[in-house]
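Here is the structure we will look at.
Chain IDs A, B, C and D follow the sequence of writing; residue 1 opens each chain.
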Amino acid sequence: MILKNKRLSEEEFFKIRNEILNGWPTGKDVNLQEAVDYLNKVPKKKNFAKALRKAKLEGVTLAQPRAGVALIDKQIELLNFLSKEGGADLLPTTIDSYTRQNRYSECQVGIDESIKANRSLLNGFPAVNYGVKGCKEILENVDKPVQARHGTPDSRLLSEIIHAAGWTSNEGGGISYNIPYAKDVSIEKTITDWQYCDRLVGFYEEQGIEINREPFGALTGTLVPPSTSNAVMIIEALLAAEQGVKNITVGYGQCGNLIQDVAAIRALEEQTEEYLRKFGYEDVLVTTVFHEWMGGFPEDEAKAFGVISLGATTAALAGATKVIVKTPHEAIGIPTKEANAQGIKATKMVLNLLSGQRMPTSKELQLEINIIKAETKCMMDKIFEIGLGDFAVGTVKGFEAGIIDVPFAPSKYNYGKMMPARDNNGAVRYLITGNIPFTKEILDFNKERLEERARFEKREISFNMTVDDIYAVSKGKLIGRP
Amino acid sequence: MDKKTIVLGVIGSDCHAVGNKILDHVLTEAGFNVVNIGVLSPQEHFINAAIETNADVIMVSSLYGHGEIDCRGLREKCEEAGLRDILLYVGGNIVVGKQNWSDVYKRFIQMGFDRVYPPSTSTDTAINDLKEDLYKQSYNLAI
Amino acid sequence: MILKNKRLSEEEFFKIRNEILNGWPTGKDVNLQEAVDYLNKVPKKKNFAKALRKAKLEGVTLAQPRAGVALIDKQIELLNFLSKEGGADLLPTTIDSYTRQNRYSECQVGIDESIKANRSLLNGFPAVNYGVKGCKEILENVDKPVQARHGTPDSRLLSEIIHAAGWTSNEGGGISYNIPYAKDVSIEKTITDWQYCDRLVGFYEEQGIEINREPFGALTGTLVPPSTSNAVMIIEALLAAEQGVKNITVGYGQCGNLIQDVAAIRALEEQTEEYLRKFGYEDVLVTTVFHEWMGGFPEDEAKAFGVISLGATTAALAGATKVIVKTPHEAIGIPTKEANAQGIKATKMVLNLLSGQRMPTSKELQLEINIIKAETKCMMDKIFEIGLGDFAVGTVKGFEAGIIDVPFAPSKYNYGKMMPARDNNGAVRYLITGNIPFTKEILDFNKERLEERARFEKREISFNMTVDDIYAVSKGKLIGRP
Amino acid sequence: MDKKTIVLGVIGSDCHAVGNKILDHVLTEAGFNVVNIGVLSPQEHFINAAIETNADVIMVSSLYGHGEIDCRGLREKCEEAGLRDILLYVGGNIVVGKQNWSDVYKRFIQMGFDRVYPPSTSTDTAINDLKEDLYKQSYNLAI
């Protein structure tokens, strides 16, 4: 396999396709022509890509929960509850963790036991096991667009099945569904596999069917500095665009400092558009998704509501196209449908109150946007350089070299030397940069900000800050002060 | 007391790495010999690591909800492998959803775990329990 | 009675004092010397004025609930729960509505029935009936400063009792505890009676005892434009300062547009300080209180959490010294102690996350500050003018003439012609100004903003907007669109 | 049907004026003759206004929680005053705190109210019920 950031040829595509559809019995039910026909009949209001386009145009922030259970009827019940009672604007189907590791026979155990116990023993919906027919059942019994949300390094079969079933959005990407989700899958492999998923979407686009793709911006959800996730987002957007994707939602997970968070979304949207334009992908629609706090949550539900609402506030003020909603059960376990709806309701209340309101430009906001863009550019330039102009190759080499370095990632293909910590205002900064090729100016900026905190806390800059920061939100604060 | 050895890992198809990295850091600082097999670890890896390092404790983390399926039979497999007195701990978010804790606790005790921890258990609790159990164990006291 | 904004003479003060202490049996137990001795022994951490001074210095926003029940032991239990479980920084004791109308015999019915029914039939704590002894019991059994919060046009006896019992803050004022709370009590009467309450605090200040006073900024809680409440706050601050009050917390109730709300608090703090300085009250400490949304709430608790958290966010970003907390039971009834604690927990979570974070200056924010200050100045100047330099006299005449005009007020001494409505961004503007003496520039500004909304909604500017806006938040939106 | 007369007011020491002003506005627009005695109104004021205007309905609002105490005996006083068939409605937040609604409802029905409304009742509901009850009343039907 020779990785290149180049559109898969028809021949390559169909060769792979043949293999993967034979990987599990339900693969055989996927028929591209039938899929095109079916997708053409999906009503406009159930098209994810169109819903995002409309929201961007109107300056509205849409709310989407996460939700997945083991059994089809329960999943339909759940989604309808979240749509009608909760008021979700977009629907998900979260895929279980066995599917994510392509362990479909274990899914079957989960399905069987869930029927027996009459409660879901799986942490998501095993879409591959149910196949196109089961997934269509979901779409046909709900009233809004459906997206697959997962964390699957190799989601080629899953993608084939869900799109053929009319689900018009797929979350993931070669970096973002590897580094936080896998231990020893090479980036080369996941980029290749996601090129396939993107090419599939590109194929549908060529048939006039709009499908949305969403790289997973929150990564490990734990103190990821904005420029790190933004760099990953821009690369995945470029890789997807090369395969023909036209409707991309780049994402970012709330860090907690309001100005930094707003700046992150603004920088992300602008820079993604810039890079796409620069590399010739002119007709790609870029929207943004803001993830409400993705790190450890407080157990107390009232406190969780505070965290959720602040996330919604930030999404609204940033002008994100979509916000992914957390629930008051977050610290404990997969939420009941009621708790899930509560998270949506609190979120939508805030979005409605702030509808049309934005964080105005200010010196502080502009400074953060500038620093995020500058940091991101350092990584992007280097990746481009070592890939000799190829972002796919550059990414593989770049992760190996620690040019981009995701904190707390399980993957052994992540360099793992970078260490983040909050500054004295709670903004996430680079405490140890490892091999990230920052300019002296950027290094100094990060250092100064952390020194300010160190002075305030009367302790040295150290990994202890990071550890304290990891626990802080679940203990009711943003910054882990001693 | 000698330096005790703990095999640490996250079981099954579970990729939650943060708690694992922190436990590693904290337990090492507390004076344990930590053998961290990391995330996405099948039962066999725990057992092999425990045999290889002659471990005193296996600490299983499960965050993602499939703990109930993933942990089944671990005690039996330990015994088959000759790890007769090894302490088995489990913690994290070990079942799917917010369930009645005492039911969950019983289910895992019945599976043969010595200690079963609810979400957000502090590392201090873990360390205290480890010290207590290992002390008792070295004097052959009932745990 | 000849009203003047002038410090009560000792003679006047003690003459009135004698009368009011004889108005109800528990009055006889108030002894000024004993009170001074007792207040001197109140530990620093239970002094309200000191707590606010410290918070202002440290740039911290404190959280305070409302809470009051009929029986002493239940009230103690309640306050301790809110302090320990809820994490309240400052404690209230909300006074019941019969006490507020000086109907102490009806309170007795409420106390008796509450004992019988084993649930509170009163909507607050009948402090006068319990007298100094009962109120001391409260203070002695809690660990934080206690304030009386009420809505009492004539609270002279109440004030004597609570301060003598060591409660170091009293909410209210001659305008703010009349216009929203009474129907036919003249402003002349309430200003006179509150001069007494302020003079009492001034007297304690002269004995070296710091006591905080807090004019009630939220007024009717219903679409009150910032400049209207700010004008009332500044006047009450001036009146209080004249009587010797040194520690004043001016207030404002959330309107819902974030920029306008932040601007309102900033303008309020700055302008209150300016006016105090201008009129020679140099040594008065001014702090601010932000009231979480005071209008009709949504019934759904998750939505209520959204409203509460956005209020907390605004308080933090504005840099208010204190925030008054709402609860998820708001739309239904007096909250249980659990629901009350939940409101505090959500609020404090947000305050903690945003600790140290402020809304940065921007063109938009500065514009709002300027307009609020300019509007406020129009009212202040006219009040001063028609009072011939006396703010007490000017206020009486000014309310009669509609110079200041509070929307939806029950008092017949309020002019009642002004009508507010939201503009297209949700900021509260003047739809009908009645007799408020605004400049043409200000009138045009308000009109333009409302016309923008009218165009967007394709309807005429009218009272229907106001009615729709009144219901909007309880229905899950900020702006009442058709 | 003639224009029917409603006495509207907020009972007791209750100063909540917003709902009252809106009810006045909406009921007037709906074609009723509204006699609004406003907030802070004792029982006597309701009764006097009803006698003076020969009213068909008394609509009592109570928002602040003391409704239970304030409303007691109103029906009896109406009868003493000769207002025998007058409709008595009550709404708002009529008791202290979040209580079981069916208990609250019963308590107020027992006090003699014809209609008892929970918090956040829409004005449409009120108007529909008024029309229904007044229609039945004018034909002497059981309500």
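Throughout what follows, a residue touches a chain if its C-beta (ideal position, glycine included) is under 8 Å from a C-beta of that chain, and two chains touch if they have at least 3 such contacts.
From a predicted model like this one, the values you see are computed outputs, not experimental measurements.
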- prompt: With chain C set aside and the rest fixed in place, how do the remaining chains group by touching?
  reply: A, B | D
Graph distance between chain B and chain D, where chains that touch are linked: 3
- request: Express in whole angstrom the distance between the two chain centres, defined as the mean CA positions of chain B and chain C.
  value: 55
- line: Taking each chain's centre as the mean of its CA atoms, chain A sits from chain B at a distance in Å of 31
Field: Separation of chain A from chain C, taking each centre as the mean of its C-alpha atoms, in whole Å
entry: 45
Message: Please output the residue numbers of chain A that touch at least 2 other chains, ranges allowed.
response: none
Task: At least two other chains touched by the same residue of chain B: list those residues.
output: none
Arrangement of touching chains [line / ring / star / complete / other]: line
Query: Tell me, which pairs of chains are in touch?
result: A-B, A-C, C-D
- request: Provide the residue numbers of chain A that touch chain B in the complex, in ascending order.
  value: 96-98, 100-101, 103, 106, 109-110, 113, 119-123, 151, 180-183, 220, 222, 295-296, 299, 329, 331-336, 339, 408-410, 467, 470, 474
Statement: Given the complex, residues on chain D that touch chain C span 12-18, 21-22, 25, 38-40, 64-66, 68-69, 93, 95-99, 119-120
Chain C-touching residues of chain A, taken from the complex the two chains share: 256-259, 298, 300-303, 305-310, 312-313, 317, 341-343, 345-350, 352-357, 360-365, 424-426, 473, 476-479
